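First up is the structure itself, then whatever we jot down about it.
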Amino acid sequence: MKYAYYPGCSMECNAAAYEMSTQVVARALGFKLVEVDDWNCCGATEFFSQDELTASAVVARNLALVAPELNQLVAPCAACYLNLAKTDRLMQDNATINAKVNEALAAGGLKYKAGRVRVRHLLDVIYQDFGEERIREKVVRSLEGLRVAPYYGCQVVRPIKGDDSTEYPLHMDELFKWLGAEVVDYPVKAHCCGGHMTQISEPQAFELIRRLLQSAVDYEADMILCMCPMCQLNLDAYQSRVNGFFGTNFRMPIVYFTQMLGVALGFELKELGFGKELVSAEPALRAKLAQRASV
Amino acid sequence: MGAHSEGNHGSAFLREVIADTPGGERIVHCLQCGSCGGSCPSGADMQYTPRTIFAMINANQRDAVLSANTMWYCVSCYLCMTRCPQNIPITDVMYALKRLAIAEGKARGTDAPALAKTFTDILEKYGRSFELGLASRYYLLNRPMAMMKMGPMGLSMFTRGRMALLPTKIKNLDQLQAIIKKARELGEAS
Amino acid sequence: MSKAKGKLAVYWAASCGGCDIALLAIDDKILKVSEAFDVVFWPCAADGKVHDIEKMADGEIDVCLFNGGIRTSEQEYMAQLLRKKSKVLVAFGSCAHEGCIPGLANLNNRQECFDTAYRDTPSTENPQNVRPRHETQVPEGTLYLPVFYDTLKTLDQTVPVDYYLPGCPPEADRIWDAIVAILEGKLPPPGSVIGSDTTVCDECPRKRTEKKIKKFHRTWEIIPDPDTCLLEQGLLCMGIATRAGCGALCPQVNSPCIGCYGPNNDVKDHGARMMSALASVIDSQDPGEIQQIIEEGIPDPVGSFYRFGLAHSLLRRGKLAADGNGHK
Amino acid sequence: MSDETFEPKIVGFMCNWCSYRAADLAGSARIKYPPNVRIIRVMCSGRIDPTFVLKALSLGADGVMVAGCHPGECHYIDQNYKAMRRFGMLKHMLAAMGVEAERVQLVWASAAEGQQLADAVEKLVADVRALGPLNWPGNWNEHKDRLEAIESMVKEHAEAMEVLP
Amino acid sequence: MAERVGIYVCHCGSNIAGTVDVEEVARWAGQHIKDVVVSKDYKFMCSSLGQAMIEEDIKTKGLTRVVVAACSPHLHEKTFRRACANAGLNPYLCQMTNIREHVSWVCTDKAAGTEKAKALVSASAERVKYQRPLEPMYVDVNPATLVVGGGIAGLQAALELADAGHPVYLVEREPSIGGHMAQFDKTFPTLDCSACILTPKMSEAGQHENITLLTYSELEEVSGSVGGFTVKIRKKARYVDYDKCTGCGICSEKCPRKVIDTVFEAGIGERKAIYSPFPQAVPRIPVIDVDSCLYFTRGKCQVCSKVCPTNAIDYEQKDELIEVKVGNIILATGWKLFDCARMPQYGYGRLANVFTNLEFERLCNAAGPTNGKIVLRDGKTEPKSVAIIHCVGSRDVNYNEGCSAVCCMAALKLGHLVLEKTNAEVYSFYIDMRTNQKMYEEFYQRLLAEGMHFVRGKVAEVTDAARNPDEQGKLIVQCEDTLLGRQRRIPVDMVVLMSAMEPQADAKELGLKCGISCSMAGWYTERHPKLDPVATMTDGVFVAGVCQGAKDIPASVAQGAAAAARVQGMITKGRVMIEPIVATIDEEGCSGCRICNNLCPYNAIEFDEEKKVSRVIAALCKGCGTCVAACPAGVITGAHFNNQQIFAEIEGALWDAAAAKTEEETATQSVSA
């Protein structure tokens, strides 16, 4: 299976662990991610707050650059996924915007036929296209005993309705059940991580982060699994500041779902980018996996 | 198409917002149920809840709406939008209001426009986002004091190889800039 | 048959010539025809000249069997001439009756027909891009060719017609039935099609049940069951909407009817009838799926439903861009 | 090619129970819509034969509306699905004949949807207006040189006959 | 011989004449339309003078066809047909043209309106020449009636008819009649006990000499038409002999197998494998649920058979198909509850103490699983606070766009019961409070006085994610209090979801069997929403109760009675007229291709295997014309809507376009001369 791949800016540096583990897992599952040549930033939420048409054109450049023989584009970042998918949909639904975006693209010698590329999030590809049977086959190190809290965030499950619920998504839950983990059914798994509010109103952003961490703690999770660099950054990098702000004492490791999938597939922690998280996942991993080794 | 959506009905501001939002014509169906304001993670901090904003739009309170903090507290989580019993694209309306507020210089008491501006400047210059550049430029220009608090976290990030010192530039920057230029022209023309 | 001999004319306009051959396929009965008629004009079989006809009195010919549609100014002239000189004008065969295969060129205009014939076909060698022209100057003076029309018309779109003999070509037995009717003076009211008024299904021995079609197949895609209705197997068989008379020749050899006998009496538009019937039994209630079944199964709707009747249909031809002179 | 003075002539085939009543309702509610559609009532959209549409176009209509009850709401249970299928088939054929898709439109309107019906008429009229006149019979006009050619042939034959004994 | 056409153009006061130059239309028609011998305009054609004018012209001028250009034929077609018939002209030779609803009322420009009116008059005039005389058909009405659904609406209808002396077959798919009303504790706004007012009606129906009760039965097939339907009904096997059983109940008492009752107890109570849903069930004959019965699933047990004093248990019983003949059918099939799990934000199914309103009704009901005690899912703890959430799955385009009509009042009633039976605080979260019937607003006032808390706002979510110690262990109801314009989080112990009423899952299928359709929302479509609310588009089929749209008990009872009254009218009349608009097949031309065979939803087309032709059974044909349009040989004719008539109408409607065409054709064809 072959997909066009749009890593997005975060994957280059901040979310290097996500990128590393994604590549490792992709190889192990036997699917090929062909990086879109010379892709540009998706504009995040900021560009759309300023100029919708220009933002759409900036996003559409990436769609236009997808190799003609490929018609599915995989994005690991929630914001990138949504911007790409939403722009494609907007162009399909709105003839005026479609025409203008294409006129803008033409200034760069490009064109894009709305609907040509199906934009998908990485989780969806792993969950749907590989499915339970094949993934179970590949598990060499069951995650039994580990209590994981899948965290979906917002923009992969909303507003574009896929096969999963927009309120109470289950795909990552199921994936980790296949891997043997104990999945924590906590209520805030599709609530907001604070997004870019960290830049706008810290008290507000910290409160949103606290709610997520608190709920995971209440449900006795060993770690939170992320599927978006922004969510990971907010929950991980700001965790110490949240503790400072509220006087709490969270030590909740925040890792990418691909990292833990890689663990289950038998890869070494290092190749999966462990150690890059600010709140280390190693104690939890060691405790649980060692426990099992002794059994 | 029909008399209700094409004619001169509804407040002038309502028509303006509808024209600026894809799917915006659903606004007229608002039941004032408040499931948006109830769902919003920032609901408690908003000056007006989205529902109130719709009532204000209907009442043509243009200035009050555009200088409200509501849209700047929108985190784009889309919970309100998927829960709205009338399928109003609430998050998209917030984007439209942000654009109008920036265009009219009404965005007061928030750094969000500045952040957005910094972000787009970097995008235009390099084609990719650049976190260190974004953070330092934005904080230096807008919030020098806050920069201090960010220090330790930035350092941790840096030591774990999660913060780049130099931006990545895309190869065909000319092409991107040409597209942006053309798009801006088209936007202004309409 | 001791009466004085009648006068018979046979003419061949825009058609393949198969109708002339079909007329001879009545075998030795042709001798009975020559007993009854003097053949005054039959360019394919006898050496008659147009000016001989022009010299005749109006209505002097008793019967004219006219095959072929009207595509050129010469054919139009001949149609008018033979109409004037004949008591009974018969549109003989599908071309004269409905336009037939030449009428399918009505999806294009004159220019496009020429492009195909004189430029685009693989076997064409025409470096100077020579095209037929109405007038050509030579040292000896001006030479004329007939003007080639944008639209092929049927005989009755050009001149009034008394009877129609359908088929591509008409079956020999049906031709003989018609000749007998003429000889015995037992003709139906003028304007009629001489033939049956049921459809091919009436003559088709296949077993039929209620119909539901989920997918249309092209003929090469399946090997049809020899005893079951071809349409029920998803083959686009025009038999349901096509006049009987051929004895269901094609379905009998496992090949769907292509509709050469045209529609029944009182049917205004053969293709529309077929489309309406066929679409009614598509087994889906989902617009997307319906469209898919139609578009995948019937890639050439005009060629399928109007293979023989396009020129005679309500629309008659494809749309021409209007530039005031009918040219694209 | 749109013409300022061009008033499209449109025939609307409507079912007795839903779309015709929707048109009645549009009237009772005094909803204004362009006067271009001439409505022909049939009992059910299932009665609408593609022949009717072709007949209208061949007589010079610029557009046609085919209207019935919403799918699943047919007064005759599910006959409007047959209309839906026939319309699909007709659309496919008309495209091959070069008729613009906007000229023949399928509309579902319940008896309560006067406004929707009026909107649909407005859209159809606007679409057809933008396309310009169809003038299908005009497609059958032959070149002007046709008459001259026939005349010259008659002359040629006459001259040839003079030469003969 | 040419027809003699009369054209009559109505002013309708200024209704038409205001936007259409009616004099001009009449003048033009008289001059330009072929075969028109008289063309007049008149102030009010439908007045007796207007009708008299037409009658007079038919008699004195020998008119053979009449066109009336006025309002919609749905209003006055009958009037003008009658006028023609009075003058001796077959009524089907009269055609109405709608120049009011379709022209004057929708046009703004008088010139354009006049042109459109001309085209419509021309269309009708061309068409009318091809119209043929038709004779209406009559059928006798069978006085027996089928009522489908034994809820309160169906019960009411059945009792009204039976009391009037007519036989009724009452079909109910559950083991007992009673419907949803039997599940409730109290009814609003009077708070009288639901069972107390319902059970007398149930037993009356059970004992009525004119009512044949067919419980645990379902409608299989309907054929025929108004006056004479034949209905096949499946009587599901009860495994209990109806005649031997005395309803003593020992079998259920001794049955060792308990299961969750998802129907009558809404999933919060239990029943046995052999059971009667509730003590006052009618009939009291139990049924065996074969999916849980130990004997049927494992082959052992037979306790019921052993304890039955009358030997009524019959494990060999089979489903029985019976056939009844009736003249009319009343559908009163009710509703089902919206599946609250479809809105995960309310936590139903995940959070134990979130209840549906139906579950809660059973909790409150003295005969319910908790004997009327309001307790949490654990079965013992009394809640200290209860939230009642309105509009769950209703007023929401994602689920059901419409309002369920009863939930506001039901929420007030349930709130009252909580306040009466417990010490709990009660919160009602509503969008709009709808209390618009007799004594309803007063009931709202009563609850305000009783101290129920009202929060105006649609609840965003119900969560167990506590943000502070006060919220720990509670269900937190988060919403915007729209009166305060502020987000609120209210911790409670128990949540009740006022779930939407939805059409029965098989409503559409049953509708198809009876020949009626459903609205977009899935409710049965009435003939007219205001003026004919219980009749349907299919003659002889009526609807009553919630199956026609969400409504409360008084409205359901009213509709049940109304439907019965309509049926009585039919029975008293004795025979009904059927429009002669039917299809016929010319057997000579039919080749038996069988395209038409499965196009008819009324099975009115039969295939003659011997002659290999298809044939229309006129009595079953409803005249839609679908087969006419489908016949590939063009040998099916639709009376009053045949090809010739419609072609002429198209030609007439395009008279001005056609005129333009002829000019062009004349120009190009002149060479033929």
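When the chains are written out, they are named A, B, C, D and E in that same order, and each has its own residue count from 1.
One rule holds in what follows: a residue touches a chain if its C-beta (ideal position, glycine included) is under 8 Å from a C-beta of that chain, and two chains touch if they have at least 3 such contacts.
Fair warning: this is a prediction, and the values are worked out from it, not measured in the lab.
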{"item": "Partner chains shared by chain C and chain E (touch criterion as defined above)", "value": "D"}
{"item": "Between D-E and A-E, the pair with more C-beta contacts", "value": "D-E"}
{"item": "Label of the chain whose CA centroid is most distant from the centroid of chain B", "value": "C"}
{"item": "Chain at maximum distance from chain A, centres defined as averaged CA atoms", "value": "C"}
{"item": "Rounded Å distance between chain D and chain E, as computed from the means of their C-alpha atoms", "value": "35"}
{"item": "Cα-centroid distance, chain B relative to chain C, in whole angstrom", "value": "67"}
{"item": "Length of the line joining the C-alpha centres of chain B and chain D, rounded to whole Å", "value": "47"}
{"item": "CA centroid of chain C to CA centroid of chain D, Å", "value": "27"}
{"item": "Where chain E touches two or more other chains, by residue", "value": "345, 599, 626, 629-630, 643, 647, 671"}
{"item": "Chain D residues counted as touching two or more neighbouring chains", "value": "31-32, 49, 51, 55, 78, 82, 86, 118, 135, 138, 140-142, 146, 150"}
{"item": "In chain B, residues with contacts to at least two other chains", "value": "79, 83"}
{"item": "Interfacial residue positions of chain D with respect to chain E in the complex", "value": "7, 9, 11, 17, 20-21, 23-28, 30-33, 35-36, 38-44, 46-49, 51-52, 55-56, 59-61, 69-70, 72-79, 82, 86, 110, 112, 118, 135, 137-138, 140-142, 146-147, 150"}
{"item": "Residue ranges of chain E in contact with chain D within the complex", "value": "72-74, 98, 100-103, 105-109, 112-113, 115-116, 119-120, 123, 508, 512, 515, 517-520, 525, 529, 537, 581, 599, 601-602, 622-626, 628-630, 638, 641, 643, 646-647, 649-651, 653-654, 656-658, 660-661, 664-665, 668, 671"}
{"item": "Residue numbers on chain C that touch chain D, as the complex places them", "value": "50-51, 54-55, 73-74, 76-77, 107, 110, 134, 144, 146-147, 149-151, 268-269, 271-273, 275-276, 278-280, 282, 284-285, 287, 290-291, 294-295, 298, 300-302, 305, 313-320, 322, 325-326"}
{"item": "Residue ranges of chain D in contact with chain C within the complex", "value": "49-51, 54-55, 57-58, 71, 78, 81-82, 84-86, 88-90, 92-93, 96-99, 135-136, 138-146, 149-150, 152-154, 156-157, 160-161, 164"}
{"item": "Chain E-touching residues of chain A, taken from the complex the two chains share", "value": "165, 167-168, 185-188, 211, 214-215, 218"}
